[in-house]
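Paired with chain B in one complex and with chain C in the other, chain A is shared by the two complexes that follow.
Take a look at the complex of A and B:
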């Protein structure tokens, strides 16, 4: 009995796991061998699929559900085959990014935001990370591709050219041993097939576009000679270089200090108008979302738990988690005693419960919450939430 | 930069001084001196105790440790040496010639042997290490790991013995008499002599290659793996670059920084030779010479040789540091 009690305190939030309630932290040698074996098998299977050459285009061509969308994630599952077991980092994510819109993806760290965006680029860390189910439809204009079915060789033509990415850490995202100019030129040399002179002219123009005052000088600099904000501008210049239809910005300002953050956000907004593309903006900062996004997707433990327009999410948050996030956001000009903090922690992605993942932290649980994971409830044509509290409030028909 | 180098050189002098003190102490602690070794081991030579004493006096073996070191460092008017401080290391007991001359005479053969091996194993190790890292946990990775580990763990005399047994005795491809030349050559032309020497170098070079390749390969692999997991590699992939450019351009240039600096550090050491290997293959390199001198208690030579090695080591360290400044754009020397 004593042992059990101790265990409870040490594995908070994991104690409700159905399959391995006891000694959940320990794997026997046999279990761990079995995990290793099945991991190796699975990883080999998925790696092989990606390496196939000369795949007929029809295999990965698909049709967009809505031609006005640039990307549609449809029940995406991305798993990591780790030594401790299969970690379901993204477990059934569905949302779309309309053309010309900015979609904000929020959630606390570790909820699978980055993995979702990396799946879209086929950049999930292989071989342990693999897309195991669902589809990601990408609108190429005249046709649409399902990225989950594309071989890597084809995907390369889309990376950088049609979808570009800005990462969180400007300090480490640029190669330290190549000059800025080289790293910028590389983009247009690769995708536009121009000459070296043309590439340089284009790069300098890009540096000007992102608000760098001395583009010729920066062109000849190494990354370490620039400040964090400058490097992030360079990253944006690289991303913009080939006129992508979609820019993924994965926490582009998290690593920067506040004044620089504001500048970079302004810049992102400015260029979005100029290039007429879409932005998938990942952040854990609701303030950034409020300023930038047209639509918001709230993620929790690898799933979307609520999605809607920015106005809907901010003025009418429904999911207890979204409400908690709003309360935990610091507001300038309003004095708060103490920042609200959602108690408890995210369940372990290796062994997810089969009821609502938020239940252990939820203060509004009802009887039904013990049942299976809640389905989406479409409360308005654009607003949906996955929570039992809103059952019977469907409007505008659900398509989930 | 110049100021930095001068500062480092002064530090080197200090290091060398410390090394020489410790070395001399150790050498004088070794039981059995040169005179005893030489004259009492041979039963045909009857030496009286007085005579031995006199010999010891001549060789300076009767001085206490402090005086002996002082004479070594600052010279001994009695024998006309100027002292190590003026780069005069005295006369070798065994070879009966100035220490520096003996070293200069034999270091080039050692250098040729190790340089030849280096030219072969270093690029090969970098190539294999890179391949192994790219295919981490693949068949190629496991195979190279096992083979190189075997190479690292073999003692050199043991591996040399196996190699000689297989290739010289059993297969008969090489001369079993060792040395650098065949014994039966009569009036060889220059070309014949050259090919003969080259053929004799094959086995020793092979041994050095096999024994040295493992550590460099592991080092490359570790470096490459670290670089491949860096954020800027993800950026390079996100640009749409091919895996080949990602690995052999973006990652490789970063991996090469430590590899080139390590190489710069290794270079001077090539003159140091290898005692066991040269002795085994009967190559008259500096390693073998030093080995013999050591066995016979030739204090001036062993001191000189070890100071030579220490000097090579500090030069190697200095070159490593300078190389960092040259190849890594992030490293700049301030003040």
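Take a look at the complex of A and C:
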């Protein structure tokens, strides 16, 4: 029942989204009803699965493919059941994050990079957003969990403790009615079960770690008393307070100024060495990626189109989209007369074509591009690309 | 009219005013042109320094202070100095980039130049006329020549008006073309901005960010302006869309001979589009030079730090980064002396006491810093 109510309140978004390609810009009432019905059915199914209590651990325990990885995304599908149809925000994403490495995920807005990370945290906007397929294997050290199969109650024990997240907007992600100290203490009180005094001492230590000059003062501040850079430092302190194995940084510097961005990036790099964890860095800024990441994953329209080490992606980009993205960004002290622009726009996630998603914007199309979506081609042991142009250049084993 | 008031378009405030005064268009126009001519004649006598004939816009000692605190009687006791003594000039057909951190007064500068807000002090000469001395009628006549493109294409378009009406509104208001030719004219403008004709009757919510920004640009350019303030026009857009909009702006500049002020915090974009760059810090210009000069040889320590902080998309090229400690101070109680001294790595005793002069150090490279000879 709940779902139906929510749909009614959010129907104003319906006409915003062009859904059918058949020249019709709007949905008929009948179509709309059908979509609502099937959505409610689907969402109920997935929600039920998540709400189960007392699940045996063996249900969601799995085995890592490579013990050196901290996270393995395997053919992940996360869909949103919207009023205009099913939006495939993440449509078959496969990549892994090695221990102690920084993996950068780049792509334009709406390409599914944030949804991928939210799936890992089980924080996708529910009930509309659901993980419908694939698996996310998370390495706990002695065992591994499949996060897609975990019930919410179990996930709460991992979320924040083993996987922490730094959100994009430090202005909105801190609670304005609680003091910084309270929000920091919450972490250690909840996950480490220590006393209030211990929690406070730990929190102040964390504030010191992120380079805040007067930790005792900031501990007693409300978020609005701090500047953007300071708030982001507090966010990082909260993320770090339980010694996570993986930090997801979702556009950590986008809302900040360049000089503050430099401070925060420096801090992230320092901290990564200190805690010996991995970072999944989501950003659309290629400059930030080049500076921070060891591996790069390029996403487009819900899929990974190219992945490799940072050097490979920047010196030898293969996919036309990656090349276009790099050429379209002006670089300081690299003069170009005219910026390259990728024509057109990202296809509508509700009506994805069955050929390569980039075909309509690509200037190097070949005949084969009209066929089904290209598979990954392993160009080097670490570099893979999903484009027909590189067929026959395969080296090493094929990817799953 | 109710739509009008809802509209958040730039030209709106003045449009509403213009409507009141447009009862007798021909007579009013004559009056305006006469007044303009008169003002033009008067200018040279008042100013000791002659105006640069090549400059389309010249800003002298512009100040914009907002009252920050008021006493019991409502009199302001302290001021937020958003723009504090800024002077520069822009030649015809060139682009001036203004860079700086958020809160340094870039946007206020742009708005004050256009007189969207009255200036506290100082002069803005547009084509030889001090626009701060014009009355409402004269200003309205000048409005079409000075336009602005706003940062956020999501909030700067009226959600209740179709695209054609948005673009045509100001054109009709200023009577640039006869009513019968309005639609044709709007379609032509849309075409030149890369908007297909069938968008004419659509509403802004049906478009993506890049398309909306094109609509904003079309709205500004439909008035055939000579001078456009671009207030972070690409900050809200994706990289690939950014390139499209930057190219469009450059094309239009070539085609129409436009003069831009390009306000942005993205240095790489500013370097690409500008001929001259001004760096702002806490309401003042700290450095002003041609793009080549300032990027090759940044003189002010703030400029140096700012430029070194830009991440370069090349994994092998790790530039030596100068990291500024702390945040930008509050503009209400700006530090005494050089405003930057609280964060400067080269701070000397004199910096804390005396504000440095904004001086030319050859080739039009202006810097305000005590590291360089002051006399």
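Just so we're on the same page, the second predicted complex is superposed on the first by the 375 of 400 C-alpha atoms of A that agree within 3 Å, B and C clash if a C-alpha of one lies under 4 Å from a C-alpha of the other, contacts with A are read in each partner's own complex, and residues count from 1 in each chain.
Just so it is clear, a contact is a pair of C-beta atoms (placed from the backbone, for glycine too) under 8 Å apart; a residue touches a chain by one contact, two chains touch by 3 or more.
On a predicted model such as this, the values are computed, not experimentally measured, just so you know.
In the superposition on chain A, contact is made by A:158 with chain B only, not with chain C. Contact with chain B, but none with chain C, is seen for A:224 once the two complexes are overlaid on the shared chain.
In the superposition on chain A, contact of A:265 is made with chain C only, not with chain B.
Legend: residue contacts after superposition of the two complexes on their common chain; A:167 is shown touching chain B, with no touch to chain C. Using the contact criterion defined above for the overlaid structures, shared-chain residue A:190 touches chain B, although it does not reach chain C. Contact comparison for chain A: of chain B and chain C, C touches the greater number of residues. In the superposed model, A:123 lies in contact with chain B only, and not with chain C. Of the residues of chain A, not a single one touches chain B in one of the two structures and chain C in the other. Within the complex formed with chain A, the chain C residues making contact are 101-102, 205-206, 208, 210, 238-244, 246-247, 250, 265, 267-269, 271-272, 295, 305-316, 318, 321, 323-325, 327-328. The residues of chain B lying in touch with chain A in their complex are 230-232, 234-243, 250, 253-254, 257, 328-330.
By the touch criterion given at the top, residues 121, 123, 152, 156-161, 164-165, 167, 169, 172-178, 186-187, 190-191, 222, 224, 235, 238 of chain A touch chain B in their complex.
Residues 16, 18, 108-109, 227, 229-230, 257-263, 265-266, 284-291, 310-311, 314-315, 324-326, 328-333, 336, 338-342, 345 of chain A are the ones touching chain C in the complex.
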